[in-house]
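Two complexes follow with chain A in common, the first pairing it with chain B and the second with chain C.
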Partner chain A sequence: MNMQPARSEFTGARDDGIAKGDVLLDVKNVSLAFGGVKAITDVSFDILKGEIRAIIGPNGAGKTSMLNVINGFYTPQQGTITYRGVPRHSMRTTDAARQGISRTFQNIALFRGMSTLDNIMTGRITLQKRNLFWQGLWWGPAEREEIEHRRAVEAIIDFLEIEHIRKVPVGRLPYGLQKRVELGRALAAEPSLLLLDEPMAGMNLEEKEDMSRFILDVNNQFGTTIALIEHDMGVVMDISDRIVVLDYGRKIGDGKPDEIAKNKDVIDAYLGVPHGEMDEEQQTA
Partner chain B sequence: MNPEFLYFIETVLNGLMAGVMYSLVALGFALIFKASGIFNFAQGVMALFAALTLVGLQTGQVPFAHLINAIFGTQIHHFGWELPAIIAIVGTLGVMVAFAYLFEGLVLKHLVNQEPIILFMATIGLAYFLEGFGDLMWGANIKAMDVGIPSGGSFWWEDVTRTWAPEDSGYFGMYIDKLDVVAAIVALVLVSALVAFSQYTKFGRALRAVADDHQAALSVGISLRTIWVVVWSIAGFVALVAGIMWGAKSGVQFSLSLIALKALPVLILGGFTSIPGAIVGGLIIGVGEKLAELYIGPLVGGAIENWFAYVVALVFLLFRPQGLFGERIIERV
Partner chain C sequence: MAGHEPKLDTFPKYLLLNAERFGALPAMRHKDFGIWQSWSWKEQLEEVRALSIGLETLGVAHGERVAVVGANRPRLYWTIAALQCLGAVPVPVYADAVAEELAYVLDHAGVKFAVVQDQEQVDKILSFSEKIPNLGMIIYDEERGLGDYDHSRLISYANVQEAGRRQMEADRSAAARWEQNIRDASGDDISIMLYTSGTTGRSKGVVIGAAAAVQAAVDTAKFDHLNEHDSVLAYLPLAWVGDHYLNYAQGYVSGFCVNCPEGPETVTQDLREIGPTFYFAPPRVFEGLLTMVTIRMEDAGRIKKWLYNKYIGVARKYGEAILEGRPVPLSGRISYALGELFVYGPLKNTLGLSKVRVAYTAGEAIGEDLFSFFRSLGINLKQLYGQTEAFLYVTCQEDGAVRADAVGPAAPNVDVRISEDGEVQFKSPGMFSGYYLDDAKTAETMTEDGYVKTGDAGFFDKDGQLRIIDRAKDVGRLNTGALFSPKYVENVLKFFPNIKEAVAFGHDRDFCAVFINIDLTAVGNWAERNNISYASYQELASHPRVYEMIAAHVDDTNLKLSKEPMMAGAQIKRFLVLHKELDADDGELTRTQKVRRGFIGDRYGELIDALYDGSTEKYVETEVTYEDGRKGKLRATVKIADAKVYDVAAEPMREAAE
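Moving on to the complex of A and B:
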């Protein structure tokens, strides 16, 4: 396994001024509804710098909606999100990206016509500062910048062991590799907070093991904070530091993996056993 | 060489040159279509507007002179200075960029997530607005454009080619317009520059990314609005180049906006999403219509040039709707 540190050009995660173990992102009383459909109801949790935080729950529990709220695709009707100490109600997606929130998608959202290399290069767009004038001239500053970022991208390609598909249009790649390229694109932004939406969905056992290893490596080597949604409980229990459980848009559990495994509400939600408040919910559903 | 054969070569050459002129207009269409899926009906009018502005700036015309005179009873028409071509070109480019900003801010911004047909309608509106605005701003008279591009037949080429035929054949040599040669070189440089820009710069990558997947593009921090302004500015720049070439060739007149119609078959042939396709499509149409005029024309009484391109496009639509270089159209059922 490739344990040597990444090259000096690529630091992996930006310095966001938050110490390890302090709160990086704090979600407070967030509610989101689409018309009459409540996707998220009064959910609060926090993500600490340097941890792997899993968000789990049955289908339709509001997990992806939660990620969409965090990176600005959705604006919640209520609640605040404090990121790096700055509270906000809503945020533009592009601003979220500039401030170091990267993500991957449940149904891979790569630029299918572009090569692996170009896809990962797009991840560095917010870090490339030269304006249109210099870009148009190309020679000089823009070229130097391009080379510098290209080097960082090569470091990521090394890290994810995808050298052999560097020039292949990603639309032609098998599913598992596409997922890996998407992770690469998210990493390229040197994120403070990496949001992974079902990074292992649809993978076979070997691919899952690879992906778990990459996630742990990113967390260990770069110190990147990761929030991930995943359905494979074995993987979630193994790799996450803390877990938040959503069901029908509400938070029903929050804690370390062993606490969650014993949580009665959580077990019931997964097995579909009526219990307490859940009882009413299920009758109306 | 047989004069008959030399005449064939001359026709092909002239066809290629004419094709380049079509390609210049088609390029602007392909750029915008590729990046935003909008068919920009106004591309031809943008070329006209750019040419009008260029001539106006160069000759020191007062914008809206007729309007000002009508309201205030004054008699101003010219500032009395003339600008060098290069400064006028830079100025016009500035106007086209400002125009891209305005169009994004006033129109496109409000039409995000709308159907392509709605955006298409918006560009039709833009075409009519721009035509009227250009008229109001610079007047409707036909203007000569002189930015220092050589024009007229090349005597050198005529002398060279005359020696290719037997002495007694009475062959006078090939006619080739210097302006067309310049246009071909300009088009070549323009396309190489555009391809390089889209392959090797962050804006080029962002542009392709936006064309590919809006949501993913947003998630990596690409601002759709910035990209749109950039795309429309580049389309404005291409329109300016097309306007200069067409203006120098046939004068700056309002029928220039109709050259956009000739770009349609070019795009259908080359594929709407392909920049090289716009070039190859233009060349095929150019050569095809000149050859058809030469060989089929006499049989049907001539004037084939006017409709030949559209018939070719029709045939292509039947057998290869995505064009030569376009992305394959796959519909899931």
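Moving on to the complex of A and C:
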């Protein structure tokens, strides 16, 4: 019997030695092309430690490609990416994961037949220290380690309020909850940079509100730096600290939400209407 | 229990005693981070002591009223005890109350401190802080999201406990002094103030004295032989008298273990893991369980279906007799034993009811079939009748003398009588000492010779059990002179699984007419099996085939009513299926899910007129409140249907009309 609940050492985000407000990730003059198709052209921006950074743009603007560049899935032909002060040129996605970059996907990529608990547990894989031999033996160090990881997973389950679906196979869960489980799996790696690819796509208003609250809570509680792609402008304007706008692979805007809202290039790119009409619309709104 | 009954008059005195006599036995469990954390009586005493002394350093003093808002968490139960240890008065408030209701109670009770569960409650209180001028400090349990708040008026639960521990270290005699204060405390102190859920207007603060509360709890714990090896699942609203009485009060006097679920959505799973021995649930929970079992069995394979049907039949035949120890033929016993092996045992296990020794239901009438279904499985389900003003128990059924249509004889040491105009009145050890700051209402509720008026109409039947008909003020008459009890009609309707809620009208009108709310789970499942597609509750409710189905239920209801001489005159002539679910957020139900008939009458006045003016449909716009507090409008054309009325023999008709 214990006096206090067995709270784990789970802190939600690893200490990467970068102080809040300093540059965590710096993207400089990055260009990416697939054959003749230019996905990203000469884009530069930075992500500061502890902020929520949104990447927005119309369909095909290169947002997901940008995320894929950041987490090492694509290697840009030109430009440099500096993460935690270290420039990198080519890397594998597993290296990115080890360095504390984790992500969620536009189309949910969970193991549908596995329970919520097991799915989130897979997020701890890069943190497991024991090798195959010890894990095969199970008793001893591997067991102790597993208990520690389970504690961390339970802390995430508690945080995301998904206790009631702990043992439910995720394939049976409604879409909104699956998105939450995916966020949980990304959090399990205790990331210092969390990439969210359209975390609210296809959600109803209530689910969006819940998800926004969780994203803000993750940022607030764990100090996790978050980069997110999202189409719902209301959400983006409300929750992000700064926004990068891409259009046809180029950066057309960068700044605080209120600056972006006034940026004429951005308005053009999104609405494709002359500014006069837009102003009228804004007034009626 | 210990050999001799200790004579104590406050719950803190029991806290000290239990730490001594049941030291290592579990007093509290809580599922947190996926594991059942547990605290023994000794550890519970330490938790309460640290908190209590911490609260004292903040300035909580004797007689001070302190709000407690949140779900069933050990820390909130400890808060109640910690306050009682100081002679302060806990005022639990419903956690799902909207900010305005919460502010009203906090202001009315004049609280200076509030202990709350999380950010949600803190936000609610802060949003109305100008309406609660007395409130000083808010103590919160879960820190999440509160990091950036201005902490001049906020302090975490852990910090208060820490302050208490530091105080005990700094002043070695603090703990002893604290204990001495408990031992010196008087039974005349106020134990708790419980706000009624407000079936009729604003909620009132019911003041319960310490000695009275303890006496009532001791009586009923003895009645059901509760002891330190029992366990309960605390899932009912913390602010409701039922939870406070059944779990907290009885737990302290008998020493059983209170288990707090992980969250409201996990109650079913937690129930299964804990397997409580003492269980309380309102009839609608049992109804929900039976609906779930029935639906699942309809989807089961042929062998399972056959087994289920066969042995449920056996249980219906012999189950209750075996439970009550009545004679049953040997062949019946053998079949029942096989049924236990194949069906009842596994079923009870799935429902989390395998270990139940005593179960109660109360609050609403329960259907005969529903009630005997659970009893026939070997679950000792009984009924009680109670009120906040009585600190719960007024009547309760004894083992072996249980019926669905009555609520039992007077509970131990309770005196129940029926007034001349048919109202149930009682005098009990646990009865309240008055409504807080409302002497007029108190005087209105008490009779001159010290009985409490329940406001319920009822009578004792031939074997001495009380039968409740309806709220006394709701019992009315049709223009034909026939007796009309809305609740009676509604209850008959609600026993159909497809009908969730019904509201009957008829007083001072020509005939009885009803609003019906369909049950989305049951009707939704039926729709799925019958290939009926629907997009929303509203669409399903107005579907012609749903109307047909409900019409059949209304017809059965009328047939049943026609056989009851007292009620036959009030058969249903017209009905409609409401386009929205009745909801507490819209004020249509109380927080304990009881229909607020008056309010519904005003809100849907147009629809009621349509019921009586002969029209076949009516267009209405209804304002609804969403969960986040925003308002919207629901537009619908509601159909109104006629029902067949059965003939009644002339004789009883005249009787009823007298």
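By our rule, the second predicted complex is superposed on the first by the 264 of 285 C-alpha atoms of A that agree within 3 Å, B and C clash if a C-alpha of one lies under 4 Å from a C-alpha of the other, contacts with A are read in each partner's own complex, and residues count from 1 in each chain.
The criterion applied here is as follows: a residue touches a chain if its C-beta (ideal position, glycine included) is under 8 Å from a C-beta of that chain, and two chains touch if they have at least 3 such contacts.
Computed from a predicted structure; not experimentally measured.
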| item | value |
| --- | --- |
| Partner chain in contact with A:N219 - chain B first, chain C second, else both or neither | neither |
| Chain A: partner with more touched residues, chain B or chain C | B |
| Contacts of A:E209 with chain B and chain C, given as first, second, both or neither | second |
| First (chain B), second (chain C), both or neither touched by A:E161 | second |
| First, second, both or neither for A:T116, with chain B first and chain C second | neither |
| Touching partner for A:F105 - first (chain B), second (chain C), both, neither | first |
| Partner chain(s) touched by A:R151 [first = chain B, second = chain C, both, neither] | second |
| Interfacial residue positions of chain A with respect to chain B in the complex | 71, 73, 93-94, 96-98, 102-103, 105, 109-114, 118, 121-126, 128, 130, 132, 135-136, 138, 142, 146, 185, 189 |
| Of all residues in chain A, those that touch chain C in their complex | 1-3, 5-8, 150-151, 154-155, 157-159, 161, 163-164, 166, 206, 209, 217, 220-221 |
| Partner chain A, residues of chain C touching it in the complex | 26, 30, 32-35, 37-40, 43, 46-47, 144-145, 147-148, 262-263, 265-266, 269, 627-628 |
| Residues of chain B that touch chain A when the two form their complex | 196-197, 200-203, 205-206, 208-209, 212-213, 215-223, 230, 327 |
